[in-house]
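Sharing a structure here in structure tokens format.
Just so it is clear, A, B and C label the chains in written order, and each chain counts residues from 1 on its own.
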Amino acid sequence: MSGSNGRSRSPRLRRWRDRAFLILCASIAGVSMFVLAWLIGEMVSQGVAHLDRDFLTSYPSRRAASAGFKSALWGSVWLVCVCAAVALPLGVAAAVFLEEFAPQRRTWRAMHSFAGLNISNLAGVPSIVYGIIGLTVFVRMFGLFGSPNLSMYDQWERVRLQDGTHAAGRLVEQSDQSLVLEHPRDGVRSIVSAAITSRDSIHIRRHKLELSSGRRLAGPHIGRTSEGLLELDTDDRERVVIDPAEVVSYEYSRVLTIGHPDSFFYFRLPLGGSVLAGGLTLMLVILPIIIIACREALRAVPSSLREGSLALGATRWQSVRRMVLPAAIPGIMTGCILAVSRAIGEAAPLLVVGGLLVVFAVPQNLMDDFSAMPLQIFNWAGRPQEDFHRLAASGILVLLMVLVAFNMLAIVIRQWFHKPLT
Amino acid sequence: MTRHAIHVGAALVPRRRSRARTRVVEGLIVVVLAGCGFFSILVTFAIIGVLLEEARAFFTMPGVSVGEFFLTTTWSPMLGAEKHFGVWPLVLGTGLVTMVSAMVSLPLGLITAVFLSEYAHPALRAAFKPALELLAGIPTVVYGFFALTVITPFLQRIDPSVENYNAASAGLAIGFMCLPIVCSLSEDALQAVPRGLREGAYALGGTRFDVALKVVVPASLSGITAAYLLAIARAIGETMIVALAAGSLAHLTLDPRQPAQTMTGYIVQIFLGDAEALGVEYRSSYAVAALLFILTFVITILGNRVMHRYREVYE
Amino acid sequence: MIHAPTQTALANEGTPVSRTGQLGHAARHALEQRGTEGPTGVALIAAGLSAWYGQHQALADVGLEVPERRVTALIGPSGCGKSTFLRWVNRMNDVVRTARASGRLELFGEDVLAPSVDAVDLRRRVGMVFQKPNPFPKSIFDNVAFGPRLHLRLRRGALADLVEMSLRQAALWDEVKDRLHASALGLSGGQQQRLCIARAIAVGPQVLLMDEPCSALDPQATLRIEDLIRDLRRQFTIIIVTHNMQQAARVSDTVAFFYEGRLIESGQTVQVFTKPSSARTEDYITGRFG
């Protein structure tokens, strides 16, 4: 018979190979579990120490022992609220349109399918690119409101003279004999090179500064002290020493404001580095995720429901609103919760949009500056001191607990709604 | 009976006299929904527009040329007066980190998917899935911190020549982050293979190994390719992990023990720093971002197309 | 081709001739050809075989003898357990988690149900062809060569010969000999099924199981495969599950009638179709139900 032409492969060997492969597969699958456990274990061991009520209710500080997570936590809350308020309706509406309202005419149909395809591609865009878009569109608003008064001079020379005075300004001209500096307040000044005892160059920005305490200052900032603090020469000829961490915002040259910065109902154009801008940028990041998840949820609704409703004479929207959407709600909710939990963990776009790494206040209104949990963690993690690493670990634990809570919520919803459907 | 039918119908159908108004309302609603639906197209155009415009602004600055950007190999925008803008160190840095991550996520992800799809008991699968979702949901800052404070010391114990900021730790962390993506997409592809094929292979005397590796995996190759492409696109765009663990030294190196600045790492560095909004270093980050976007967009489009094609075959 | 039960059947109860009158011409012809070969050994013995899927009992106390190198047809209405029986012969039910069986099922003297049996090796000796043709998305050559590559170590020339021989036996060689490396998915339904048959016989099994192999095919293809089955029985013991009685009559030497998990009657096809000993068998054959 045909089988007798060659030597048989040993069935025992094949059985061993099968079993060995099973063990290999299982152990590799176990690797992911192991890494997860290792990661969580490390975070817990490093971070548990700092995790107490004080941590959650105090602001960050330069001293690790008293540093807290409050501003980051509440900043995240504000951001997520803004982001969800915009992304959820927009995303669900878009998903409903893409799934339920496929147009009949050729041209519209091409656009329709392109829109759907586009969503999957947008889901793969790196979040930092969304940050850049958010910066241009939401923060700077295409420059319609002027550009931030960041730099009128890019590099200043600062010289110390023999008679003990300082001079500083933009370098206009330089030769072996002299130096010409231009200072916005003191004017143009020519300095003999021989009189210079020391010289360095600094980057200068002209700010209208707002401190976290609410105090406002304006003037060219001259430089940093040896401890790394800022020295500001104000327009009133005052020299003020400021902790850079307390500096809160830039102002733009043309600004439209409604209301007072201290009240809840303050609105300002351009949005600048505000919670609103940050939330809108996050909305861009999670919008494709929401749309994809909602489309899946809508697709899972059996078409017999739609057809039955249409057959009774209901319009498409009525069918959707009364039959399809209610049936798809659990899937939609789960998708939205997971998308929002993704937003909580995003840091890169916020860095670009102007989430400050260190902030000493909880946002009071939509235009306030903000921090976020991932940003604070990033800040602490990036510092060399061990203490700050432990703080970062504590922050991570808080972040993970929030995320686990969200995931649990999604699972509970999935379970709770499962029964009525089946 | 007709009265009952009218009642039921009336629940869904408006009364006669407001039908015209309903039509108008319905039309408006469709327009609103369409607006939301087409918003994403607007977003895409916004991304392309903004990046192109800013990149153009960068390339028209004095001292910068497109040729230098793409053809030279030194990237030193911060070094005072002499600035070089050859982008290859950043691209190579991204490539190195992505390669390390691919070496972790692609094989491990596929084998985990094979295990879950072909070998595992349904109860085990049900337990695994949420754990994988959890892995996928961990924010990237956490992975970055883990890479910096745990993986790097661990690697340094094995090989003391590994530096404090290195591409390997970042690559490994990104690999673990992408593993769930590869696993879940590959598993979908494996599950899509019809049961009849498996039965045919078992009936011919195949072991689970034979069936999995000689029939199921080859039959789902395009789905697996799509998974790989999408994971690579994700790895290329990853920012926080490299910002924390990979360092900010932009040089040409293929040595994973050394620091390597990626495109995303550079963008973060600029935006964290003190560079002026109109300065050339600041603008260079936009050019890098444009390149990054093009790269990931192309790979994502490819991956989605491959996935579309394999879905058509089996559905 | 079956005529509806006419008054003839009702009026002529007990008359054998009128019952064969219910079957088509070809079936009758085939039946009349039977009984011309000598006796053979027994390939498969089932005794007290019961099988369950979870709580649901699919087979109850089945006892059957399947002769060697003959075609045995398992017939019966849907859900009667004939496919379940078939799948236990090559332990295909191992892939179904909730399936279990008790009793004896001996293939050439060896108990198939014993836990010590290597299912992989068993399936080398027992081949299977499925209802829906399931060629692998590989070339025609690779499909047929799949089995031999698993079990044997062959040189390339020997493998090519083996593939050719299997395709010839499956009556497919002439149609595909020029495109052995083309994808198997490009073949028609009937060709794909013959490919699956070639694939199954390539490893040289002793028994060939066929689970409604023609139900997804058009009548032309069906007839070709039935011819093929008649040829193949010279080499293989064939057990075929079919819900088509004409087919059973045309193709099989022995027939076993299952009903609700029990074996109602089995024996020579001629015998069962002309003089069934059970009333239920008769009802099924004459089309009163099923």
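Throughout what follows, contacts are C-beta pairs under 8 Å (C-beta built on N, C-alpha and C of every residue); 3 or more make two chains touch, one makes a residue touch a chain.
In this text the structure is predicted, and so the values were computed from the model without any measurement.
Visitor: Which word fits how the chains touch one another: line, ring, star, complete or other?
Guide: Topology of touching chains reads as complete, every chain touching all others.
Visitor: Closest chain to the protein's overall Cα mean, using per-chain Cα means, please.
Guide: Central chain is B.
Visitor: Please tell me the distance, in whole Å, between the geometric centres of chain A and chain C computed from their C-alpha atoms.
Guide: Inter-chain centre distance comes to 65 Å.
Visitor: Quick check: how many Å separate the C-alpha centres of chain B and chain C?
Guide: Chain centres of chain B and chain C, defined by C-alpha means, are spaced 51 Å apart.
Visitor: Give, as an integer number of Å, the spacing between the C-alpha centres of chain B and chain A.
Guide: Those two chain centres are 17 Å apart.
Visitor: Multi-chain contacts only, two chains or more: what residues does chain A have there?
Guide: 14-15 - these are the residues of chain A that touch more than one other chain.
Visitor: Check each residue of chain B and list the ones that touch at least two other chains.
Guide: Within chain B, the residues that touch at least two other chains are 207, 210.
Visitor: Touching two or more other chains, which residues of chain C qualify?
Guide: 120-121, 124, 150-151, 203
Visitor: What part of chain C is in contact with chain A in the complex they form?
Guide: Residues 118, 120-121, 124, 148, 150-155, 158, 161-162, 165-166, 201-204, 235 of chain C touch chain A in their complex.
Visitor: Inside the complex, what are the residues of chain B that reach chain A?
Guide: It is residues 8-9, 12-13, 22-23, 26, 29-30, 32-34, 36-41, 43-44, 46-47, 50-51, 54, 108, 111-112, 114-116, 119-120, 128, 130-135, 137-146, 148-150, 176, 179-180, 183, 207-210, 212-213, 230, 233-234, 236-240, 243-244, 264, 267-268, 271-272, 274, 276-279, 286, 289, 292-293, 296-297, 299-301, 303-304 of chain B that touch chain A.
Visitor: Taking the touch rule as given, give the residues of chain A at its contact with chain C in the complex, in rising order.
Guide: Interface residues on the chain A side: 1-9, 11, 14-15.
Visitor: Mind pulling up the chain A residues that touch chain B in the complex?
Guide: 14-15, 17-18, 21-22, 24-26, 28-29, 31-33, 35-36, 38-39, 42-43, 46, 89-91, 93-94, 96-98, 101, 111-112, 114-115, 117-133, 136-137, 147-148, 150-151, 154, 203, 205, 284, 287-288, 291, 309, 312-319, 322, 338, 341-342, 344-348, 351-352, 357, 374, 377-378, 381-382, 389, 392-393, 396, 399-400, 403-404, 407, 411
Visitor: Quick check on the complex: what are the chain C residues that touch chain B?
Guide: Listed in rising order, the residues are 90, 92, 95, 97, 120-124, 127-128, 130, 132, 134-138, 146-147, 150-151, 196, 199-200, 203.
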